Amino acid sequence: MLKVGLLGAGRIAGVHATAITANRGSTLVAVSDINAEAAAKLAAQYGAEARTTDAILNDPAIDAVLIATSTDTHSDLIEKATGAGKAVLCEKPVDLSLARAQACQTVVAKNGKPVMIGFNRRFDPNFSALKAALDRGEIGKAALLSITSFDPAPPPVAYIKVSGGLFRDMMIHDFDMANFIMGAAPVSVSAVGTSIVDPAIGDAGDVDTAVVTLTYADGRIAVIKNSRRAVYGYDQRVELLGSDGLLQAQNMLENTVVKSTTAGVTGAKPTYFFLERYMPAYAAEWAAFVTAVSARAAMPVTLEDGVAALALAEAAALSVKSGESVSVRSVIGWMNS
Amino acid sequence: MLKVGLLGAGRIAGVHATAITANRGSTLVAVSDINAEAAAKLAAQYGAEARTTDAILNDPAIDAVLIATSTDTHSDLIEKATGAGKAVLCEKPVDLSLARAQACQTVVAKNGKPVMIGFNRRFDPNFSALKAALDRGEIGKAALLSITSFDPAPPPVAYIKVSGGLFRDMMIHDFDMANFIMGAAPVSVSAVGTSIVDPAIGDAGDVDTAVVTLTYADGRIAVIKNSRRAVYGYDQRVELLGSDGLLQAQNMLENTVVKSTTAGVTGAKPTYFFLERYMPAYAAEWAAFVTAVSARAAMPVTLEDGVAALALAEAAALSVKSGESVSVRSVIGWMNS
Amino acid sequence: MLKVGLLGAGRIAGVHATAITANRGSTLVAVSDINAEAAAKLAAQYGAEARTTDAILNDPAIDAVLIATSTDTHSDLIEKATGAGKAVLCEKPVDLSLARAQACQTVVAKNGKPVMIGFNRRFDPNFSALKAALDRGEIGKAALLSITSFDPAPPPVAYIKVSGGLFRDMMIHDFDMANFIMGAAPVSVSAVGTSIVDPAIGDAGDVDTAVVTLTYADGRIAVIKNSRRAVYGYDQRVELLGSDGLLQAQNMLENTVVKSTTAGVTGAKPTYFFLERYMPAYAAEWAAFVTAVSARAAMPVTLEDGVAALALAEAAALSVKSGESVSVRSVIGWMNS
Amino acid sequence: MLKVGLLGAGRIAGVHATAITANRGSTLVAVSDINAEAAAKLAAQYGAEARTTDAILNDPAIDAVLIATSTDTHSDLIEKATGAGKAVLCEKPVDLSLARAQACQTVVAKNGKPVMIGFNRRFDPNFSALKAALDRGEIGKAALLSITSFDPAPPPVAYIKVSGGLFRDMMIHDFDMANFIMGAAPVSVSAVGTSIVDPAIGDAGDVDTAVVTLTYADGRIAVIKNSRRAVYGYDQRVELLGSDGLLQAQNMLENTVVKSTTAGVTGAKPTYFFLERYMPAYAAEWAAFVTAVSARAAMPVTLEDGVAALALAEAAALSVKSGESVSVRSVIGWMNS
């Protein structure tokens, strides 16, 4: 039974608390948060204790920590927790700074403790089924990958300003999805972006709609489309053309009811946002972590994966500014080696 | 090249004229109608002559006639045309009277000319693909058949009064579909009906909504649902549960456009009515007739098929009145023998 | 916080234990089972105590019991538990005997405690959305209801023999669904059945495939199709034709992946069986019970609902034997009154 | 009644002959082809005469010509035909050379006769319904357009070599689709391409898989994906994200049959190739031409549209070579002015 400390007591921490408790191989021991009241409330709900982060990290009875705090604390907490001998599952991204994330890699390598990055979408039952079908050879060799990833509504501009920008904050999930499905890093990144949803986002120096094209050494191509606004709900689709066919992972819908009237044939919208869509993914993600830690096996998503996605975000941000294709190797030395 | 005379110049005759002309194995020579002007217009459009029915039947250069006149003339014209040595494709139903239709069978048997009844739905690309999949064994042995057949809107009550009633006028297509797919006649027919769409239809002695259950000697079951009103369009579906799976033939839609908004995800309606839905079926039906006549092969849909469907309609009408299951053998001796 | 005792520790009891624990308004206090070991294990997993059923019923601190024991104990336990002052949620059916179920009604009426019957499908997000759309008038007035309800595989014949038969064991859910959606009891029941899936089921005096037609006083019609075998998974669909349109609740699929190859376009199967399909329904059912008990409001599914469904099952069993339509009033006096 | 001469007697000419004949406003008078036998056969089939091209162009009784000859003859024949006073519908592309196409524009402007370019996809019932929904404001303002356009199988390399390359031969349809839907020319074109389907295509100097991103002056973005190989059939989809929703035009399928077995739920493939998919589009295209010529109205697709699509193809070919974004204005002066 894995004894777990949860760092953070916000909305996503609550989702993780459920997953930890429901899993037969793990138990939630303690919760910390900079807001002590929030930590106390969440701990009480799940029969755990509220503690300070240091108290959690210093407790030798705790085997693992789940980091669900704000992004700017991730790399510090990963380093501290692995230094304290804990296995770590940390929410994405590792850091907004590629340099800082790479420094974190060095520390973690020295500490020698397993770190998994929470790219939850790899555990979505639809995307993981698509990947499994590809790996079984059901569509032959991959050729052209398309990722559609639209949020239902843009966040406040205040959030945009500290988010690191669309590529690091939002498309980073899609860069990881491309890496997951293609099983290799691209060699070049070409991006266009616009603030057509809200000019205030453009004024804040960011884009709200973007298309990024990735090319691979073996001739494959991937294209990622992001928009901060799809009023009909969270639009999360992946489509892969291979030599023997096409795989598509489509949206999950709120329900299966279809109404036919003189106005047409109407079905339910996609599930609203990430909590609704990816709830099963969070449970599967935690289960994969518990299984890997228990078996002392390789992490299913590594810190390197977190850094690689961040490097592609950096390359895309450079490309959208220069209007030119950016070589991945120019951004990060070790990829494509 | 099959030389064809067309009896009738109404709306459905126009559909047949196109099919005859477009088919490389047949040519439209002459058209007749009780309305001479209509015959002249249709003939001119397709480069044919307007004639009297007798002139068509007496012309030795004409190989085949297509009967698209009103129902009350069908059995007379089938007898005359076969007597004149023509191959015949006649629109359904053979007759509203089962006795008259059976008498027609006797005459045709004596005349020895091929007669095909126009159960066009057997040639619908969807239903014929379903039947072909069943025949290839793709779902094992058939067990439970469901036919949904809804018209977009009820006809005028004046039409209802001379129609022979829902079972003979509308569900007769579905009885033939059941016979086509099951490949055997049922042993019993059990029907319920109501005039929930329009009480005036009930006042006219008919029903507008009905469910009929058929049982077969080997334990199979079929259920047919009819409604005179589906405001969203022509609803024509067949579903068959077998020992190894399920086959469904779904509706054809007006187009493939899907719109996702805050109101839901909306697609196009089913094609509006039989002309839109079954246009490809009419062409395929005619092609099958031409092929069979040319090859002197068995008709793909026989006069016996027309009589069998009519017998089931008669049994259903009896059942809905008595509230009891009706034995098919009690209605018609030779079926199930 | 509702304090709950769980009677039964089998598979479905585990599902309920999760729902009770996850609900913020209830807590699982104790579990009993004739197999003491099973009770102990389940109790430990959820932080509850294993007790005898009597100890649970006699504990004044327990507010409500959930009865998830074998069917033959349901009416006894409902009577005992309400006699002990508990609110009750009992798995369906109330009893296999209509007379016994009606006697239970009398006792419960005297005891004056709320009893809810676990017709979980009313809480399925798809069926409840369909019902809500109907109630909002989105398709006008209901006319023709179709319920498709196929199990993936038949149970062992040994189970069939003690099950009460397909109508009481399996179609009872669909009778309740018809009652739920139509909001009225039918006036007549007409059934056909066959043992085409497995002759051994027929030898055991039961059917494995059945079609039941219900007629209503106002002219509406419902048709229910059951099969013990749909090899592709649990097929649970509801379709309702109304004066202004059609509502369909379709199957939930294992995932949304679609594969297009030379062999066709293939998607995932329906979720396998009731645990997979109705997991969200069990949580919603429990939430509705907690809400109603807390608010001292009417139960969302009553004991009367349980008896009504059983009466329709009895009528269907009579109809399949007699080959005639059966009046509901002849089976149970108070319905349709 | 528009009297029509058909230049060309190949496969696509046959499709046009049917459309001309079936249309009540036009009649096919004469057919020419460099292969006199082919012209004679086609003419006979449709009751027309076989003539030389010059004889057709010099016949004052002929109102319009449809040019369905090889691409290298298009601009010459457009010039000759308009010079002879005919209205012209010419198959796409105008020419493989942008300079030649622009010279043709000049001649046509002088001749003053209407010329329509056969971008048949604008008349596809799905794409035209999508465009109409956009124009009705059903998804607010367009933001992000995606066009998926995959052929079922690559043509012979011998064809590739004379085709003008993927961008001029295949994607030109999609460039026109983007122009049609967006209603404006893009300002920049950014392309990547690969010969992952067949290295021999790469050896011939072409690509077989490509992604092109277009940006617009007002911030909109379009992305076009092409592949020469989608083994499951002709994949032709358009998807448009707007401020108030999403529009998708999906594939047309061979039939509506769905089979559910233990292997999954399988439907039919997309219609195989352009003749199957776009047959209704060819008829609608011809009808639009007849209507416009008869009404002396503006052509629904102009020679300028043909030149504009060609200019985007040229820009894409430049971009894929340079690895940089190409300004449309650098390729063709008058666009975006």
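Letters A, B, C and D mark the chains as written, and numbering starts fresh at 1 in each.
Here is the rule we go by: contacts are C-beta pairs under 8 Å (C-beta built on N, C-alpha and C of every residue); 3 or more make two chains touch, one makes a residue touch a chain.
All of these numbers come straight from a predicted model, not from anything done at the bench.
Asks: Give me the set of chains touching chain B intersected with the set touching chain C.
Replies: A, D
Asks: On a CA-centroid basis, which chain has its centre farthest from chain B's?
Replies: It is A whose centre lies farthest from that of chain B.
Asks: Where are there more C-beta contacts: A-C or A-B?
Replies: A-C
Asks: Quick one: chain A and chain C, Cα centre-to-centre, how many Å?
Replies: Going by mean C-alpha positions, chain A sits 40 Å from chain C.
Asks: Just the number, please: Cα centre separation of chain A and chain B in whole Å.
Replies: The mean C-alpha positions of chain A and chain B differ by 57 Å.
Asks: Going by the touch rule set out above, which residues of chain B reach two or more other chains?
Replies: 230-232, 235, 244-246, 260-262, 268
Asks: Which of the residues in chain B end up touching chain A in this complex?
Replies: Its residues touching chain A are 230-233, 235, 253, 260-270.
Asks: Tell me, which parts of chain C touch chain B in their complex?
Replies: Contacts found on chain C: 143-144, 146, 148, 150, 188, 190, 192, 194-197, 209-211, 213, 215, 218-221, 223, 225, 227, 229-232, 235, 241, 243-246, 323-325.
Asks: Using the touch rule from the top, collect the residues of chain D that touch chain B in their complex.
Replies: For this pair, the touching residues of chain D are 18, 22, 47, 125-126, 129-130, 133, 138-139, 244-252, 254-262, 268.
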